[in-house]
Amino acid sequence: MPIKTEPFYLNLGPQHPSTHGVFRLRVELDGEVIVNVEPIIGYLHRGIEKLAETRTYTQVIPLTDRLDYVASMTNNLAYCLSVEKLAGIKVPERAEYLRVIFSELMRLANHFLAIGAFLNDCGALATPLIYMWREREKIVDLCEMTCGQRLLFNYMRVGGVSQDVPEEFMPALKKFVAEMPKFIGEYEQLIKQNEIFLARTKGVGILPKETAINIGASGPVLRGSGVNWDIRKKDPYSIYERFDFEVPTGEVGDCYDRFWVRLREMRQSVRILEQAIVQIPAKGPIRADVPQFFRPPAGEAYGHIEAPKGNLGFYVVSDGSIAPYRVHIFPPSLINVTALADMAIGWKVADLIIVFGSIDVVLGEIDR
Amino acid sequence: MKFERYGIGIAKGMALTLKHLFRPPLTVQYPDEKLVVSKRIRGNELVWFPDRCTGCGTCTKACLQGNIILVTHRGEPNKFIVDKFELDSGRCIFCGLCVESCPYDALAMGLEYECAKYRRGETILDKDKLKLTDQHQPSAYYRPQFAAGLPKQSLLIYDKKDGGQKLNLFPLSKRKRGPGA
Amino acid sequence: MTVVTSGEDLAKKIAEAIPGSVISSDKTSVMVDAAKLAQVAEFLKNTPGLDFNYLNFATAVDYIDYFELVYRLLSMEHNHSLVLKTRCYDRENPTVPSIVSLWRGAYFQEREMFDMFGIKFEGHPDLRRLLTWEGFKGYPLRRDYL
Amino acid sequence: MTLLDQFQKMLMTAGLPDWAAYLVPALVGIILIIAVSLTLVIIFIWWERRLLGRFQLRLGPNRCGPEGILQPVATGLKLLLKEDIVPAKADKILHFLAPIVVFVPVLMIFAVVPVSEGAILANLNIGIVYVIAISSISTIGIFMAAWGSSNKFALISGMRTVAQMVSYELPVVLSIVGVGLVTGSFSMLSIVQAQSIPFILLMPLGGVIFFLGCLAEMNRSPFDLLEADSEIVAGYHTEYSGMKFAMFFMGEYGVALAYSAVIATLFLGGWSGPLLPPVIWFLIKVVLVFSFTVWMRATLPRLRVDQLMSFAWKGLLPMAVINLVIIAIEVLVVPASMLWLMVILNFAFAAVLVLLWSRLFTLGGGRVEV
């Protein structure tokens, strides 16, 4: 006769060291084995979609900064792309290059934080996090030099970027790009072959290819499962078709693959940056002639980009007035979290944490 | 999962951390050591130039928080006189859209960033507090004309000789103590 | 480059398979009858040559007279996309069939639409509020919510 | 003849009654040990934070006192002033007793640690067994804290602790038996005296097993599962604040210090060393061992609980048994004058065993069907 047991409910969050924000997980446990996981979100809901309906098209840009605050320039870019599509605005050449440079810098910045926090979740006591932070600080320095702030950049504008980079930017960027591969190599040395890390991540939290597609996962989560899908390649926006880079994919779809995809993506980002530095025109307009209070024609547009976390889309509906009629934000983190239960059930509490860490979510984006 | 590499991976990682033991620290001791901020910093206080302001109100329209209060009355023909120009730095999100929108360059972001206040009322910046003084200087955000005299930003990416962040290897006992030293 | 499939061509195919489902169509989108949304979605997902196996996003727009639900579907195999729309005219008790059984990615998005617009999805496994709390009054993203 | 015995003898010849001659040296010794070990614990807390800071490209505490050495004192004062919160549903008695049960045995370990020739509080002939026995009591304290604070994170932590401590006791004891075989005694003094070559060279595998076991016993990374802060917040002391938390904290570092001292004594030759006075040598070795654990903590991720268990039962335990058998045979066969032969043989056996285990042994289970 089996012993009568009752499930053990554990409430991880909203205040928990490894939930990367105010995220709550209601976990049903059998011993330490996870029987069920239910994500409960909304603790950071600020109603950005509603706020955007009463702002002008330009004024929405600072709001988009607050979505994925780890890589906020990519949010600006996605929004600007959709509004440009709506209004049919052509962006100048130099601005396109600056956009690519900054979105790749943001990808690096995001992956630094993602990998660092992931390793921190594995229990490596902040050391990798701080090593990654060192490189991230350099990126943030570059952004501060350009647009005056370190977190919420508000740099992209509809029709270009807000202002040109200062003259000391390019040398600093070149130096950064030159020394970056060495540091990525160091991270690989630090953790890639570490037996404990491999034991913790290999085969843990497998997301099969079919499930990944079915739940609409994107970004490293989808590519870690072995699906070669990168919007930069498959549906190039901005000027990404001019760059030569590869899309790294994983094999099994476990936590290690997602980590490894991110690390290789960082190398590819450096490659794109190297090419962009060479190709960028030295002088030129950086902003199309767009008035501050402009009225795009009535209609709707969907602009999406390959944000560091996945497919970030903005669905903008205009009624021809000064403010957007509706702005829908499609955040990659929210959809990737759908996969959490698939990946974590049957594993232990410790695995749940690293599976969650390997998805790489930002709560500003999930809750909006 | 097997221990296939006999711990070589662990040894490699430990070698790397040992190497980092002899690298300069990343952090700075904030009140004692201060980094130079960007020339374009969107600091915590704005600077307003009354003689350039025409009272057109573009900044108030550009502000997504509705944070700038501008009251004018008609003076001479075709000229507005600004009675009240006020903003609450507690509500401001420092996006810089007002500075960007000003057609007469009458508004600039400030350089200051240590602007903690004890009372909520003190965060309101009126005409006097927004004026240009020696302590209250504009930054070069969207105003490249102010960039000339400002010190170079200290960047982590530069070495010490490039005028970047000052890093010393073993910073034991070589620090000055006390605020602002 | 993701090919935007012509809504007009696709509308013919859909109308052949499921008569009476297509209301209108233009170059990029197909508007279908809300009652037959699930059948159309299944047709789009499972028909060879279309294979819309990836739900890009699902959202709703409140046009005061009606709610417009927008689904952007994508086929990873053929790299083409389609915007599927449907309208829901009932404001008091808007009901639309759920597509969670086809694309699980809609799980959170349908919950969010329920939360923000009050649109009920028939067949959704766990239709609760997502971002606001239980017991929240009103539906924030409706145009008449202040 | 320990220093305390000499003191006792001196007092007796000075004409004190027997009970006083026995009590006074004991009290002096106990107070000395407690004072010195607590001071060392404070210094070690500072040293760990400082060193960890440097590993992580930070500075670590550097404000209180010279180079921040008074930071642990400041932390202690802060904790002393904090409100002592007891959860409403907590088992008050267990919640109160747990820090004491954790902290006191830690101090008791220092009784048998020889600092230099004869400088030992109690020269037990089973000294090292005493260490193992006493340090196991802390497990009960941790479990009391975990159960008593009626917190789910703490409960998970308590379960993990008990499993971990009990499992790692075995390889630790088995590797100690090897030391006992070579020395012919379990007394800490005679173990140090027997080390003409440090035992880490004589029995490398035993040393490594003992070190790993000790890491698990003192809950340091990569075996710090019971307070895995990224998973179960702070483990068993989630619900503790104020001075009770400070006692856990001190207890944790006290165990780290004690085990560093035991490792230094058993495998690194204790106080023996050329030129410098024995106490300095001993401290250098303790600091080295401790710094090594800090270094590991700065680098390594944490193991999962099932991996931890299988590492103990399938990895360390069989290796320790085989190692013990090998050493026993060597002690019988190899003459005492030819210890260098034993060194070579043991290094060869260690290499073979590690190679073999890295092929045979799998670390932990996988997904559980639920």
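Labels A, B, C and D are assigned to the chains in the order they are written; within every chain, residues are numbered from 1.
In this text, a contact is a pair of C-beta atoms (placed from the backbone, for glycine too) under 8 Å apart; a residue touches a chain by one contact, two chains touch by 3 or more.
Only a predicted model underlies this, so the values are computations on that prediction, with no experimental measurement involved.
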Topological distance between subunit A and subunit B, in contact steps: 1
Distance-maximising chain from subunit A - centres being C-alpha averages: D
Between subunit C and subunit D, centroid-to-centroid distance (C-alpha), Å: 62
Mean-CA-position distance for subunit C and subunit B (Å): 45
Euclidean distance of C-alpha centroids - subunit A vs subunit C, Å: 26
Multi-chain contact residues (two or more partners), subunit D: 55-58, 298-300, 307, 363-364
Set of subunit B residues in contact with two or more other chains: 1, 3-5, 10, 13, 16-17, 20, 26
Contacting chain pairs - touch in the sense defined above: A-B, A-C, A-D, B-D
Subunit A-touching residues of subunit D, taken from the complex the two chains share: 52, 55-58, 152-153, 156, 159, 221-222, 224-225, 228-233, 297-307, 363-364, 366-370
Subunit A residues touching subunit C - in the complex, by the definition given at the top: 41-42, 45, 47, 49-50, 211, 213-217, 227, 229, 234-236, 300, 302, 304, 311, 313, 315, 317, 325-326, 328, 330, 334-335, 337-338, 367-368
Of all residues in subunit A, those that touch subunit B in their complex: 55-56, 58-63, 65, 127, 130-131, 133-134, 137-138, 141-142, 144-149, 152, 154, 162-163, 166, 168, 172, 175-176, 179, 186, 189-199, 202-203, 292-293
Complex contacts: residues of subunit B adjacent to subunit D: 1-6, 10, 13-14, 16-18, 20-21, 23-27, 29, 171-173, 175
Complex contact set, residues of subunit B against subunit A: 1, 3-5, 7-10, 12-13, 15-17, 20, 26, 37-42, 58, 61-62, 64, 93-97, 100-101, 109, 139, 141-142, 147, 152-153, 155-158
